[in-house]
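These notes open a run of structures that come right after.
You will see two complexes here that share subunit A, one where it goes with subunit B and one where it goes with subunit C.
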Partner chain A sequence: MSEKKRIRRKIHHKGRSFLLVLSLLSLLVGGCWDDRELNELGIVSGSAYDWEDDQWKATYQVINPSSGSSSMGGSGGGSTSSPPFLTYTVKGSTIIQAVERTNLTSTRELFFSHSRVTVIGESLAKQGISQLVDLFLRRPDARETVYVFITEGEAGRILDQLMQLTKNQGAGIQLMIEQEAKLTSYFPGIQMYELAMQMTSDSGSTTVPEIKLTGNRVMDRTDDTAQTDLPSRIAFGRLGVLKEDRFVGWLSQREAFGLSFMTDKIKAANISFPSIPEKSDRDDASVTLLHSSTSVHPIWENDHYVMDIDIKAGAILTEIGSELDLEKASSMRQMERSIENNILEIIDNSWHAVKKLNADVTGFAVSIHRNHPKQWKRIKQEGSWDTVFQKVEIRPHVKVKIERIGLSGRSYKSLELK
Partner chain B sequence: MKEKISTYQAVLLIVSAIFPTAIVVLPVIIGKYLEQDSPLAVIFSGLVGLGIAWLIGSLIKATGDAPFLEWVGNKISPVFAVLIGIFLLQYYLDLTTNVLRVYVNFIKENVLLNTPTVITAVIIMLVTLYMINRGIEAISRINSIVNLMLLMVFPLYIWGLTKHINLHRLLPIFDHSAASLTLASLTPIGWMSEVSVLLFIAPYLKFPRKSTFIGVIGICLVTLAMFVEIIMTLLVFGPQYMKNIAYPIFSTISIIQVGRFIENLDVLFISYWTMSVYMKIAIFMFATVQCFKQTFRIRNDKPYTVALSIVVITECLYTWREPEKLNIFNEEGRIIVFLLFNILLPMGILLWTRIKEPVIKRKEYKT
Partner chain C sequence: MKLKFLSNHKAASKPETVTASSRPLESSMDANVAEIKRRIGNSADVVFRSLSNPASGSPSLTFIYIDGLINADLVTQAVIQPLTDSQDLQEQGMENEKALLLIKEQILPVGGIKECKTVEILLSMLFEGNTIILLDGANTALAANTSGWETRSINEPTSQGVIRGPKEGFTESLRTGTSMLRRRLKNADLRVEEYKIGRRTQTGIALVYLYGIANEQVLAEIRKRLDAIDTDSILESNYIEELIEDGGMTPFPTILNTERPDAMAGGILEGQVGIIIDGTPFALLAPATFFSFFQSSEDYYQRYDISSFLRIIRFTAFFVSLLLPALYIAITTFHQEMLPTTLLISLASQREGIPFPALIEALIMELTFDVLREAGVRMPRAIGPAISIVGALVLGQAAVQAGLVSAAMVIVVSFTAISNFVIPSLAIANSIRLIRFLMMLIAGTMGLFGIMSFLMVLLIHMAGLQSFGIPYLSPVAPMKPRYLKDIILRMPMWKMKIRPSTYGSQEAPRQNLPAKEQQVSAKQSGPQGSENS
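Here is the complex of A and B:
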């Protein structure tokens, strides 16, 4: 009896061990179909899309692992004459077809998980970008966190441009937009998922910063960067406006700044203003906004909506060219008033430009939905938002407080006069 | 001597029996009906879930530590016990298959795009078989460790998303009708009713009389976790976008970026999730085997476990080959099955015994 038990236990033990070994070994099998070797992958750091001859024209920027240290910064053991990245441009009736064709011309399979930026050509933006957004949200290896830009000419050109101080152009542009949003707040950088969110929101409109080259030449040779002042650099220009998924126009930098105030996107910003407006209209002082918050309340008045925009900000004085006595409270109030008027003017300009484009990039539709859900349901049923939006009136109130005046208590000009 | 499952371990087993698939499947279904009011459906279904937990707990108390189907056989009729045993077996087989398919689909869509489905399914089942082989106590110990990992992931999840939060995205509240709330709550109620798996785990509990407590705490934890997940998704993405993404929790995690050194955190969460789904499959496979064992009064269940696994793999590969069919079934069909097997059947049995008991006692008293 005990012998039987011993044999049975032995069989059980063997069976268990077999199952364990089989389970562990089979875990390794799963990777066989999806194995990827690093030296077989072309890591895409940026992509650009244009619309040409009724086809998608895709450009992919692939990091060149054989590139070494050069004037562009960074270090490595490869060849210094080899560019830090390579670009592939292909056409296809769909984006995936273009990707496929890129793979035909490259020794490495494109790998999109480390992509940082995507540039959309104006030609494509006018056609509509929903298919592109869909691709980014659908493919598991495409990251929805890429920063999106729009460019007036051919998008692919932007990816050919080499940058100084950084070898990875995609990461460099990402850094530029993040710093821009943090320091100047003209263009809040937009990531692909934010773009998708805004396109599906009640407003149905969104903005995308413009990326451009400051000169006519594309600096695409490694020796081009071996100079102190590049004749052509990558820069941000205006703000592209998309209604639903199509490009409808541009907002200038100043208009974009006003939009940032209306949509509560100000993180930090510099504002120049006339310190003594009664004396001169010329800007002779600057403040840096340290914080700013905007709240929007829609009010129904007679036959239209009035958007009550309340902006509160705190600032530090960074520059003054007049003889204003900073120790006087009245001087501070005077400057605060001047800044407030300046901001009001910026907002007013921006609002007129937005209204002209008839694209609700202000998010007023969302605000009305949140505050007046019943009225919003009616507007949605009637499909009359465009008409309602044209009748919207804004009523901005700005309150700026100069919280600090910097390290000098009096203006240098006032000392000179003495 | 066989070790028993502690009350704390049992609570975590209930969490693992519901949470892993609920976080993937439910947000999209709820969001479709309720948009920014989605948290209401989670609260409502949680409340109903508490009722179901109480019902199951009461039934377990009534069984007096005996295996469920054996007790039904004694109390009602052996034929009836076999009959409901067969139906329950079919239910648990289906449920295990469903979980396996949701898991396989996720792996196929996100991680192993080229690996044949059959390989993925077989590997998962092999690991599950090994877990079953070690017994429910070993499963519950590992499950406790897996759930502790959630305590590490969740704070990171909330902290990482703080800068993306916009409270206004929850407005306007109560914007949807009671009908929408009911429709949105049906599927989550079905998921909460999975607490009924306790019926087959109860004989292995250290304190089966605490089943109501185990069920209630388990449902509370699941409701809380679901609530946090849905609220965070809404606060970050808003109601419109939430409806359009297949895996909201993974999408929210993928946008977490701390400086330039922490990003793509979805990998971390996917790792936790992968382990938790293994737990869920193991729990339901265990319940399937227990149901089979009790229905056909089998002593050595080992050979049948392999056979049942083959049935699960086959159903997973052929019945739910098309993801759309699975989605429609999860959204519309599953609630009927859940209602029938997790609520109506236990309630019927409990009522039957409660009504019949006094009659028998009265007869005994007369004789």
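Here is the complex of A and C:
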């Protein structure tokens, strides 16, 4: 009896371990279907999209790993003969078809997870970019954190351009926009997910920085970069405005700067202003804004909205060319007033441009929705935001305080005069 | 504390009889000598020395001893001389039985004398270094303890060195081992139980524990398993370890081995049972938990902050050693998006032109290292430096330059190998070495998902392990927060006030002073001390 039991238990035991082995082996069925060795990957660092002949024209920038192991070439990047990246330009009726067609010419499978920038050509931007945004949100390996740029003319050209100091152009452009947003605040870089969010927000408008080449030629040969002053470089220009998903126009850098004030996107900024406005209108002093905050309050006045824009900022004096006595409180107040007027002028300027484009890139719609939900419901039902927006009046108040004046207590000019 | 024991199938094999049933000694000395000679053959090292002087009236005697196992001076001075010089024995033509008693009680100035009544006992006494005295006409032989043989002197442990701390290690001699423990634990509760295991080797084994601290159930289980061993030979402690350890189908060791008497004393003080085996300097400590393999005796010889830091380093090294090659394979073949772009490009550029997939590359390099390591152990000492040159230059640098393996892979493999040596116990380091290969294969087929699943399986397996009834992962699983003071970190001595019952012992205070009073008294005595100096 007990012998039988033991045998039964043994069989039971065996059955269990068999099942265990089976279940472990079934894990292997998952196998290596999606494994990719590093030398089979084409690491895409940037992509560009144009619209040509009713077709998508996509350009992919693929990193060439054998051009040097470090992407930051200390020697200026001109030392190796093979280019740090290659570009593929393909056409297709859909974006995926274009991607697919690169496989006909490329030895490597395109790998988008490390893509940093996406450049949109003006031709495509006028056509509408919602399909592109959808692709980025849908594909698992496409990153929504890519920075989006817009360019006048053909977008693919931008990706051909070699950069100095940075071999990986996509990462280089990302660094550039991050530095720009941190140090000058003309326009914050916009990432794909932010773009998607703003386009679907109440305002329905968004801004995308322009990327361009400063010269006519594209520096796309490795020996082109072996010079100190490149005739043509990558640079940021104006700010492109998209309404819904279509391009409607440009804001100049100064107008974009004003927009940054209105939308609270100022991180650090330099402002030049006349230190003694009564004497001369010429800018002869600069401050760096250390911090700035903007609050917007919509007020309904009779028949239109008034946006109460409150800007508070602190600054450090960085440069002064007049003989102003910095030790006097009155002269400080005088400078602060001058800065405030300067900012007000910038904002006013910007507001006119925005109104002209009739694209609510200021995000006033969101603000009205939050503060006056009932009215917003009505506006939405009537679909009259565009007309309401045209009537919006802004009332900016700026308060700047010069918190520090730097290491020197008096201006050098005042020392000279003595 | 109730302990459950996993069944132990191994020791239960059927005994195979080697010797014939015991045979009593006869009263004729010649017959006895003939029987002994028949049994041991004409071995050159067995010495028969007979003393017969019919004229003097003293009974004829035969000494038997094994040359090399006895102290020759002792045999001459304490056995042969007293017997030949003894007036009593010569004068009285006494009966044999009485003469035997006389020799045993009065004549021989030797510490241990035992009577042997059968040939088998006689032989076993002989092989332990006793001198056998056969008396004509008596059916009992005397065995005088005259053992003494060449032993290695006490040296620094070679496999478990420390910077600060005692430098002596166990030797091959069982008695030296027990004496070293006695010197450290001068306590009546220290018990030494001796066993003879191995039908042919008759290896001496000592069970060393503190009575009242070691758990009785654990002790009983160890005794039971030792008693159940029926094997022909025990040549090293691993024979015992494999025969008495729990489970068996696990890569993890469940018995700790140590070369250090101080480590063993520490273990015994916490309730572990020491098993010292004659013929090897490696003694065993059971029960052992997973975390005990990461405790080095040096942890207690350095200040707690340093020790805690070193513990963390060790656990980190454990994970590095287990996971690094697997992670490298998984991330570079499945999850390239997880790497920073710059690193990815750097790795990709190194992999340009490498003919093998990352998994094969890693396997080749790991195997190469294991070959090197094994060669390093076997290599005659004089050629030792040659292997490091071959290993470092030819296999490392040249392989990278030839484009066979990537430089990153060499870094990964070397760091893994070095990490493996950080773990104080070689036993667990070796088990990780095996698991690592499995881990690499799984990482190469299933990526991070596979690694995570395999880690889960490992964890479940470890949680199910026991060492003599003690859960392998205790005191973490089952969690006993009070006993965690010496696991991941090593708390200051004054914080570890209770002896944890991790090994099944009764929880008891180690120190009577509460920490605060101690500090106060230290503060009070501080300035006085400085005044005196």
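The working rule: the second predicted complex is superposed on the first by the 398 of 418 C-alpha atoms of A that agree within 3 Å, B and C clash if a C-alpha of one lies under 4 Å from a C-alpha of the other, contacts with A are read in each partner's own complex, and residues count from 1 in each chain.
As a working rule, contacts are C-beta pairs under 8 Å (C-beta built on N, C-alpha and C of every residue); 3 or more make two chains touch, one makes a residue touch a chain.
Bear in mind that the values here come from a model prediction, so they are computed numbers and not experimental data.
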Identify the partner contact of A:Asn168: answer first if only subunit B is touched, second if only subunit C is, both if each is, neither if none is. second
Between subunit B and subunit C, whom does A:Asp34 touch in the aligned arrangement: first, second, both, or neither? both
State whether A:Arg370 touches subunit B only (first), subunit C only (second), both chains, or neither. first
Does subunit B (first) or subunit C (second) touch A:Asn341, or do both, or does neither? neither
Check the residue A:Gln97 against both partner chains and state whether it touches subunit B (first), subunit C (second), both, or neither. neither
Subunit C-contacting residues of subunit A that also contact subunit B: 27, 30-32, 34, 113
What residues of subunit A sit close enough to touch subunit C in their complex? 24, 27-28, 30-32, 34-39, 41, 43, 45, 63, 65-72, 111, 113-114, 116, 141, 168, 171
Contact set on subunit A toward subunit B in their complex: 12, 15-16, 19-20, 22-23, 26-27, 29-34, 113, 137, 140, 143-145, 191, 193, 196-197, 200-202, 369-371, 373
Show me the residue ranges of subunit B that touch subunit A in the complex, using the header's touch definition. 109-116, 119-120, 122-123, 126-127, 129-130, 133, 168, 171-172, 175, 237-238, 240-241, 244-245, 251, 254-255, 257, 263-264, 302
Footprint of subunit A on subunit C - complex, ascending: 332-334, 336-337, 341-342, 344-354, 357-358, 444-447, 449-450, 453, 457
